[in-house]
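The following blocks contain the structures, represented as structure tokens.
Paired with chain B in one complex and with chain C in the other, chain A is shared by the two complexes that follow.
And now, the complex of A and B:
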């Protein structure tokens, strides 16, 4: 379970990016974070795996406060947290298989990681994940030749290679066409249901959030302005969030 | 009234564009440079200098060099051996320079290394680069004696500084998110460098290394003559300065040109292979 308590972050003293945000996400659920640009969605997401150091509060994953961990322990803890990005952040020159295998680099020794020494089981697992993402025909294709939707699925497969407990998705469908967006969100839904992952996803599309998420959190000017199930989110509230 | 005046203006009657301060400064600078250059040229020429005769002699020498080249007192085998010695020197110094330059480049890249390390490395490399290669070779000649050892160390020294600079600039161009994506998964710095940074930049790093190889080959020819490092440069020096044999000079220049063309062809092919 992910529990965020009173998380605050200020880039400038007078303007908070996050102000005492609380959040709870259960195993096997999707939590959608919505809100206008600059509301603090990305800041919140990046604080959850401490890519961004917040100022105050607690971020507990399975009762371990990530903010209190040493650098080395945080690096270990991050292996439990997969992350996918709006711009995919793959190595375009490498093949789909090589990119997916990068997901298990964190669990390797420095030397094995440097020389990309992967076991036969790891390669098999990567190929299985590629197949699950519907990309088996592209396993040996360089990522620069893939479409946006395909790249995002490679990103998901890479994150899954980590065997994460939690998946953070920073606007994963913002650069995709509606069909690819539906496909990516369906995959995330399946991961939450079948693998019991905690999925936290930043979204701009309220309709997608209500369709796929179990739980919606809305931010505005760094403050939480809504926290509940999609059915509770009324048109007037949506208008107020984006006003 | 104002309208009628502006309407009646035709393109040929345009008012001259006002000359701003920047343009005036630029014009004054260029004029000053031209005056200094002309004065310098006139002052360095000897009094008995005859441009027409000089041009004729120059043309005749070029004709000797390029239309009737031969090996003079040497042999093709000797010149080939000398050429390969220079290639060897360029190759060794480029490989060493690229290896050490890559480490220094990573230490100098602001998106990888801590700021203090990046600044220190950049400053040291800038100092090394500011002194020409030939001077480094001569400086090392004092410690190691005239010959190939000083040439290898001197050329490598400058290659490291040059490649560290261009490698660091190339590494700094890599999107921060690409590195962040792996670090977010708990990946350490060294695996990130080997698995994310280097594969993303391999073609560009190779390109720069090839450019440095070309520079090092030219430098190897120069230090062969000037610092006694041997190779084709030494043969060129002996043929031109001791024997005044322009036929042999021409042959040596053809050898060098042939190698430069081969190098260009290989580099183009490799670049295409890596980029495609």
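And now, the complex of A and C:
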């Protein structure tokens, strides 16, 4: 379970990016974080795996406060947290297979990681994940030749290669066409249902959030302004959030 | 502002620039007393060159010796660029601001060091090193190496600083360390420009090796100097011809490699 307590972050003293945000996400659920641009969604998500050091609060994954961990322990903890990005952040020059295998770099020694030494089992698993994402024909294709939807599926496969407990998705469908967006969200739904992952996803599309999420958190000016199930989110509230 | 004023302003700027360039030539020619008439004799000069520098059948006997020196120039050029390239890449990774170099001094020192090395002309390097290492191939190698180190460090720094660090962050988010993320994320992405710079440097080194050889009394440059000073112009022409062939071949190879990388 993910428990966030009173998380705060300020880039400038007078303007908080996050102000005492609480959040709870159970295993096997999707939590959608919605809100206008600059509301603090990305700051929140990046604080959850401590890519961004927040100022105050607690981020507990299975009762371990990530904020209190040493650099080395944080690296270990990150292995349990997969992350996908709006602009995919794949290594375009490398093939789909190599990008997916990057997901297990965190579990390797520095030397093995430096020289990309992967075991036969890891390669087999990567190929299986590529197949699950419907990308078998592209396993040996450089990522620069893929479409946005395909790249995002490679990103998901890379995150799954980590065997994560939690998936953080920073606006994963913002750059995709509606069909690819549906496909990516369906995959995330399946991961929550079948693998019991905690999925936290930043979204701009409220309709997608209500369709796929179990839980919605809305942010505005760094403050939490809604926290509940999709059915509780009324049109007037949506208007207020994006006002 | 109306479109007419906007485009008139642009045209005026273009005219001013062109006039500025012509004026700079006029000032230089008046100040330094250029013999403008010599420009009209340029075809005579080319004719003389063609008559005297064209390799004759007899000069082709010297071809093995010329090719041997050319081969040595080529391997020195490649070795200097290769060794400098490795160290430059390391310096650039350490100094690049976007890879998390928090100490401005380190970044500043690396940039400064690279600029100093790069801005000392190759001839000056050769002359400075001549005192310490005397007339031998190592002097030539080091002159090229120092210049390459400065040039490539600056080039790699700029290449790395154009890199989207979100990709590194994605790898760090998997729980891996920064060095591994750099090795697996940065290097594949900058491989193409890095190889392009190295190939350019090798091409450049082959040209510079001739000049360095003239000063250090070694290699292909020495051979050219020897033939030229002994008034064996066809043999000197042969040296120039094989150099041109090598540089063009390197350019073609470089274009082929670049195409296969992209």
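The criterion applied here is as follows: the second predicted complex is superposed on the first by the 243 of 243 C-alpha atoms of A that agree within 3 Å, B and C clash if a C-alpha of one lies under 4 Å from a C-alpha of the other, contacts with A are read in each partner's own complex, and residues count from 1 in each chain.
The rule we apply is simple: a residue touches a chain if its C-beta (ideal position, glycine included) is under 8 Å from a C-beta of that chain, and two chains touch if they have at least 3 such contacts.
If you're wondering where the values come from, they're calculated on a predicted model, not measured in any experiment.
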**OP:** Quick one: on chain A, after the overlay, do chain B and chain C clash, or do they fit? Just give me the call.
**Re:** clash
Original post:
Who does A:28 touch here: chain B (first), chain C (second), both, or neither?
Top reply: neither
Subject >> chain B versus chain C as contact partner of A:85, first or second or both or neither >> reply: both
Original post:
If you stack the two complexes on chain A, which partner ends up touching A:51: first (chain B), second (chain C), both, or neither?
Top reply: both
**OP:** Please indicate which partner A:38 is in contact with in the superposed arrangement: first for chain B, second for chain C, both, or neither.
**Re:** neither
Original post:
Which chain A residues contact chain B in one complex and chain C in the other?
Top reply: 49, 51, 75-79, 81-83, 85, 87, 89-94, 102-103, 105-108, 110, 113-114, 116, 155, 158-159, 162
Original post:
What does chain B use to touch chain A in their complex?
Top reply: 175, 177-178, 180-188, 190-191, 193-196, 199-200, 202-203
**OP:** Can you check the complex and tell me which residues of chain A touch chain B?
**Re:** 49, 51, 75-79, 81-83, 85, 87, 89-94, 102-103, 105-108, 110, 113-116, 155, 158-159, 162
**OP:** Under the touch definition given earlier, write down the residues of chain A that touch chain C in their complex.
**Re:** 49, 51, 75-79, 81-83, 85, 87, 89-94, 102-108, 110, 113-114, 116, 155, 158-159, 162
Original post:
So in the complex, which bits of chain C are touching chain A?
Top reply: 164, 166-167, 169-177, 179-181, 183-185, 188-189, 191-192
